[in-house]
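A short write-up of the structure that comes next.
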Amino acid sequence: ARCGAGEVVYGEGKTAEQVAGIVDALIAAGQRHVLVTRLSAEKFERARELMESDTPLEYHADARIAIAGGMPVQSGNGTIVVACAGTSDLPVAEEAALTAEFLGNRVERVCDVGVAGLHRLLAHADQLARAQVIVAVAGMEGALASVIGGLVSCPVIAVPTSVGYGANLGGLSALLSMLNSCASGVSVVNIDNGFGAGYQASLINHLPGRAPAQTHDARPADAQR
Amino acid sequence: ARCGAGEVVYGEGKTAEQVAGIVDALIAAGQRHVLVTRLSAEKFERARELMESDTPLEYHADARIAIAGGMPVQSGNGTIVVACAGTSDLPVAEEAALTAEFLGNRVERVCDVGVAGLHRLLAHADQLARAQVIVAVAGMEGALASVIGGLVSCPVIAVPTSVGYGANLGGLSALLSMLNSCASGVSVVNIDNGFGAGYQASLINHLPGRAPAQTHDARPADAQR
Amino acid sequence: ARCGAGEVVYGEGKTAEQVAGIVDALIAAGQRHVLVTRLSAEKFERARELMESDTPLEYHADARIAIAGGMPVQSGNGTIVVACAGTSDLPVAEEAALTAEFLGNRVERVCDVGVAGLHRLLAHADQLARAQVIVAVAGMEGALASVIGGLVSCPVIAVPTSVGYGANLGGLSALLSMLNSCASGVSVVNIDNGFGAGYQASLINHLPGRAPAQTHDARPADAQR
Amino acid sequence: ARCGAGEVVYGEGKTAEQVAGIVDALIAAGQRHVLVTRLSAEKFERARELMESDTPLEYHADARIAIAGGMPVQSGNGTIVVACAGTSDLPVAEEAALTAEFLGNRVERVCDVGVAGLHRLLAHADQLARAQVIVAVAGMEGALASVIGGLVSCPVIAVPTSVGYGANLGGLSALLSMLNSCASGVSVVNIDNGFGAGYQASLINHLPGRAPAQTHDARPADAQR
Amino acid sequence: ARCGAGEVVYGEGKTAEQVAGIVDALIAAGQRHVLVTRLSAEKFERARELMESDTPLEYHADARIAIAGGMPVQSGNGTIVVACAGTSDLPVAEEAALTAEFLGNRVERVCDVGVAGLHRLLAHADQLARAQVIVAVAGMEGALASVIGGLVSCPVIAVPTSVGYGANLGGLSALLSMLNSCASGVSVVNIDNGFGAGYQASLINHLPGRAPAQTHDARPADAQR
Amino acid sequence: ARCGAGEVVYGEGKTAEQVAGIVDALIAAGQRHVLVTRLSAEKFERARELMESDTPLEYHADARIAIAGGMPVQSGNGTIVVACAGTSDLPVAEEAALTAEFLGNRVERVCDVGVAGLHRLLAHADQLARAQVIVAVAGMEGALASVIGGLVSCPVIAVPTSVGYGANLGGLSALLSMLNSCASGVSVVNIDNGFGAGYQASLINHLPGRAPAQTHDARPADAQR
Amino acid sequence: ARCGAGEVVYGEGKTAEQVAGIVDALIAAGQRHVLVTRLSAEKFERARELMESDTPLEYHADARIAIAGGMPVQSGNGTIVVACAGTSDLPVAEEAALTAEFLGNRVERVCDVGVAGLHRLLAHADQLARAQVIVAVAGMEGALASVIGGLVSCPVIAVPTSVGYGANLGGLSALLSMLNSCASGVSVVNIDNGFGAGYQASLINHLPGRAPAQTHDARPADAQR
Amino acid sequence: ARCGAGEVVYGEGKTAEQVAGIVDALIAAGQRHVLVTRLSAEKFERARELMESDTPLEYHADARIAIAGGMPVQSGNGTIVVACAGTSDLPVAEEAALTAEFLGNRVERVCDVGVAGLHRLLAHADQLARAQVIVAVAGMEGALASVIGGLVSCPVIAVPTSVGYGANLGGLSALLSMLNSCASGVSVVNIDNGFGAGYQASLINHLPGRAPAQTHDARPADAQR
């Protein structure tokens, strides 16, 4: 768990032995919950067998995430909504959602709300409006971030995905699209970085506030329209 | 008017003398309407003075277009809607609209309907649904093309503009976004090429059909949903 | 069939089980024709076995397309010509052609007409001139779109392919070439997006018109030269 | 003030007449504070003369921002720190800081803390640790965002600037650097988009919370190390 | 005349004084013909005044070329044809043509033969077939090189120009297009490098051969089809 | 043998059956020599077995080339030198050399003369000076083309290769380097396109000339220094 | 060992037979130490078996390096520190460290000092300050080079790695970041080129000096702060 | 003098007033030599007038550098050679040379030694071989770094320049070329960053050594060939 993000292990490029060793060590050191991202099903299976600790290790295949010790109690201020354009974007969205849940947040998932089917997105308008933070996950043209950004007045963290082909340039098109969003209140993380979005959403959702969370009317007066 | 596009003159890189000479020659050869694109106000003024023909030359400052001989009678099948995301995209949208009108089409303009203010776009839903062809003009993240493409079932021609800064890369971001549109029925022309979009919209709007234009129900059965 | 494209299923990234399930569901819901794009031969075989419906599922290996329920009756105004530069571009061209046929269009294929062998292309000049819409498919330098665009006065939808190597940049060279076409009346879809071109061509070919399709002389007077 | 961001006017590409007209209209409509970004000194001077309203319009030359009606009362939960790598990044940092102040936030500026002079940055460690949100502004290699992200446990919004030359690619190098930050809790806005960062920081700083802001100890238990 | 190109001076970035001095020095050293490329009209005027030699300096405004001492006698084997897609490409084409003439070649110019107007190009088919070498100059989509390359069996040197806008990327689109040409016998020089093309064409046209130039039938037997 | 390159077959993307069929057909039609490029060893083996013609098919593993009917008699004016920077560039160099030999040229190979070992290159100075045309093949920084271009006064055709890693960008670095060569007389073909370079070199080496090939002194007087 | 770098063999693209042959030949010619880079474990095993010389060949799996004849005696002036941001960067760092040791340098390794965990880096401040040259290895945002460059006053050679995903662009982001470093005294080699950095560090560490190495106070007076 | 580079002021983006103020302050604080880079002639003139200190400020127009207090005494171990490909690269080369001299180094300049005129470069072979460090400055194809790197066994710092046009991409081509150098011992700084190269060369030239500088024979034994 280098880089200050708590007990999170980045599984990419680590062997099953290394993963098992790190998780065991963290638990031995008193850690009760450990998240491993970017872990293939094969490496998960071997790591579970190799682990010496009794803490169970569970696998979330969609997100390629393993969690030891289950989810902690919820400690966030409000709800994080993770919205996702298409079925192919689900793995990244799920990485964001599980990361946020792992960090103590209540998370709602809104799937298959790509901008080409606007009615499906608009059907979730109220749910979006109640969110404390929104993570918007989309590949191809990445327009979801702008459309959601225009609908709501909470912070939106956009995650471009590498979903698409040809001129999608491995996710660069969605990334550029999101960076150029004409909606205010949108910031962006790296392509396919569901973890980073879930992590920052959690930070935002745990900030101390002046008043208990009830409605969104506490937003800056000048921005209300 | 090289390149087969009829009596259209591309003003960029031509002197006022050259423009006046070409327009005079076309009119002398019997042409009654001439369109000059990409003409600065200064070159227009000088070209008008230099022209020998009596046919009046009018300037449309927004689109940087001059038209000799006014607009022809309308000959298209239906209506072309030119929709435009922001104020800064207006010059390109107007280049598309005037080009289409010049080629004999009825054109409706729908402005300031960027996707960050979805209600403004949705307020035009019926108008969009009645269009024969739509030209969607947007810079920054270029999401307008996808959103409109999802709302309607007629062909959409998307025009990315160079409006924006930083990671907009001079319009490339909007271009890539539009090429990766998850909405079907969208094709794309070059950055800032309002002329090209208006021209192709006109071709489409002049195609012969089986039955007179009434409703859109003649669209392919399998695509109706 | 997400994204509003009718009963079309995007096979990429779906399992054979998912494909079979979706096709069965669509047929159970009354759909008589279903198109599945980007489906490998292996997934097709398994999906056909898994399907419960009696509707036969046929595979078009070149285009990697499966069609359930065969082709519908033709309902378009005129003919769509799909022209293709080289043998390697055939899969994309066939994806466009089958998509258009599936959407009720009469389609003519013109193959191996790359611009380096101009006589082969010119031998099809009359056929091209009679088309209602043309889909021009080419990789490498993508010049086919410009050359056809100059020959005809109907709309041309250009499809760049990823065919080539080195400085073809996975199709970007052909894409850029087509976007910069000096011929008017050309618009472009994503690299290898035969489906998108076939779909838009079908939309154009089903638009209502003023008069029955006979000749092309109904095109804008000012563009006739 | 299109795009939902409240009474903010984007001055780029608008004439002094247009700016004066919009500000007058907003004030006439009851608005008491108006922010105009990207306004040159010349356009500001003319707009001030042209304005009919009595509300004073003040210019902040560094940020190229004009504000009518002064700053509103502070309504945020905590403090936003705007940190900036070099002198040349100041205009963008100031755009972020003034935007945040305009939206009702307490803002602290930390300047000239580029990573090549780490001691200057570390001298501000306590100040950074007390922030509710941090906006990190840097050009060239953009490393400031990662270093700050590693030091603190609040959300960091990174703003790449176009400062630099050669391989800085107009800010793309800093942008890519920030998107690839190895520190968790960092998200990114467009190159030179101080406004966007200040705006999102304000949204975050106005979110409702469970408990009054005192210390940072309310952050997720698992992330404390 | 650095870089081995003979008595050729690259005017870009040199002052009028420097140009005059270099030309004077070359003539004093016995040189009878000097070519200066990339010279603005203003610098030419001043350089002519500053020159001390009696050798007249003539300016070719289109090509931004100055020539001292006029053209040498023709010494090449055959004819170099310089073909050019559009009016805006003329400066580059003229740079190529004058360079070749300056190096002792007979040059024929074929203008305005963009591929969108194929009949204009085909009208020159015989002239192209008689060429010893062809220089093909085009911007935008750069398709001219492929089409000419397919028509003839002599070497074609392609010169992409920066003519165009938007996705032409300052000439990169035409460059990539030409590098990916499906026609054999095409090689490419830098964007706008008319000089380089004219120079190489001259080298080719001065190579010793087995038999006097008469027809093109001496080309490799295996390539005749 | 599409694309006008004579009896040359592009093997990439063709099955062994297709290759065998095409070669058989060409031979049946009277062709005595056939070249197949980009053919893997496995496909060659199968194609040889499948062929019905008696003409032997030989494989050149380095160049991934098969030749039916052996090499034709030499018909060129002079010698083509194929120079190559490193061992890894050999396959591309060999593709160029065999193509040129197949087209009736005398070819000399000069290997392992990368610019970092200048003495090895300079040891071949006389051989290079006697060449009629030079093909310069190099990856990584591609400097070989400039250095050779500066040494000789015959045309140089540069072939960038994809050899290298990291910032070589799959050959783009060498390509850009060669296009920007400060040596005159250099033109460039696509990355790894040994065939294209060999083909154009052959065209140049077969051009009719005024006088029999003896020395290089027939080059343009003004370029002699 | 082409390219003047001594008895170093670049293993990439060479067969085990070739590697064994080259190493045998070098040893037969009197060479006592040979370094082979970019050698896979499989090729190493086969090469060791094939080798005829008695000199033992040892494999360093992390760096994919084989060394025959062990390390030479140390001959450098001071110590080279190889610092490395994350675990995934270790192979490249080890390639640099082993290369430098092979060339006769004392090397110290400093691992896992990514800038997001500044305290880990600062814990090595004294060690860094004592270095004669530093090699800084980092992927993702590549900020390590700037931070180290600011801490020390010796030359820093930065090695970007391809570690990361999405917008890391295969290492280009780190490369650009390092080239734009705001710290003076930093130069850069190709992505993943540990060998090149180790080699140049060795050259620097073997330069003759005025006085024996003791402290760093001999650095230029004006740069001391 | 931010960023640790000693008493060096980066003039870009600073007003004449700011420059004068900073220089005055540094001198008042006891500094005897101050270097200002990237200073236009106009700003220099005004700054000199505005300065209150008596220390003379001298301008080096080629390098756009001003120096207060003249050059310090030489303190380096050996000689730094700054080699430069063409006349247009001189400003960058001079920035490197003056920076190195300002930091107490003996500098030799070698100009106009572009690789297309190899004899001019080879004429300096002995001078290059005697250098302690070489700075190689080149635009266009940037091949100079590789060729020099192959000739010498001292460290080479390569500076790509933005000199060129078209596919030089503002210096990126030379940069990529230098990063991919096949010569060992070459590292690279940012495009046009003469200062950075001169600075690092000075650091290298001031390192403590085991033995007084006499010949180059102290280089690693294994690299001698």
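Each chain gets a letter, A, B, C, D, E, F, G and H, in the order it is written, and its residues are counted from 1.
By definition in this document, a residue touches a chain if its C-beta (ideal position, glycine included) is under 8 Å from a C-beta of that chain, and two chains touch if they have at least 3 such contacts.
Every value quoted in this text rests on a predicted model; they were computed, and no experiment measured them.
J.: Would you pick out the chains that touch subunit B and also touch subunit G?
T.: Expected: A, D.
J.: Once you count every C-beta pair in contact for both, which comes out on top, A-D or C-E?
T.: Comparing A-D with C-E, the pair joined by more C-beta contacts is A-D.
J.: Among the chain pairs C-E, A-D or D-H, which one reproduces the interface of A-B, with more than half of its contact pairs identical by residue number?
T.: Matching more than half of the contact pairs of A-B: C-E.
J.: Could you work out how far the Cα centre of subunit E sits from that of subunit H, in whole Å?
T.: 37
J.: Quick one: report the Å distance separating subunit D from subunit E, using the average Cα coordinate of each chain.
T.: The answer is 52 Å.
J.: With chain centres taken as the means of their Cα atoms, state the distance from subunit C to subunit H in Å.
T.: Spacing between the chain centres: roughly 57 Å.
J.: Spell out, as numbers or ranges, the residues of subunit D touching 2 or more other chains.
T.: 3-4, 86, 114, 116-117, 149-150, 166-168, 172, 175, 179-180, 182-184, 190
J.: Which two-chain combinations touch?
T.: Pairs satisfying the touch definition: A-B, A-C, A-D, A-G, B-C, B-D, B-E, C-E, C-F, D-G, D-H, E-F, E-H, F-G, F-H, G-H.
J.: Spell out the part of subunit C that touches subunit F in their complex, as residue ranges.
T.: Those in contact with subunit F are residues 86-88, 112, 114, 116-117, 165-168.
J.: What does subunit H use to touch subunit G in their complex?
T.: 1-8, 33, 72, 75-78, 102-105, 132-133, 149-150, 153-155, 157, 175, 179-180, 182-190, 195-197, 199-200, 202-216, 218-225
J.: Along subunit D, where are the residues that touch subunit B in the complex?
T.: It is residues 2-4, 12-14, 160, 162, 170-172, 175, 190-193 of subunit D that touch subunit B.
J.: Within the complex, which stretch of subunit E touches subunit C?
T.: Its residues touching subunit C are 85-86, 114-118, 122, 140-143, 145-147, 149-151, 164, 166-169, 172-174, 176-184.
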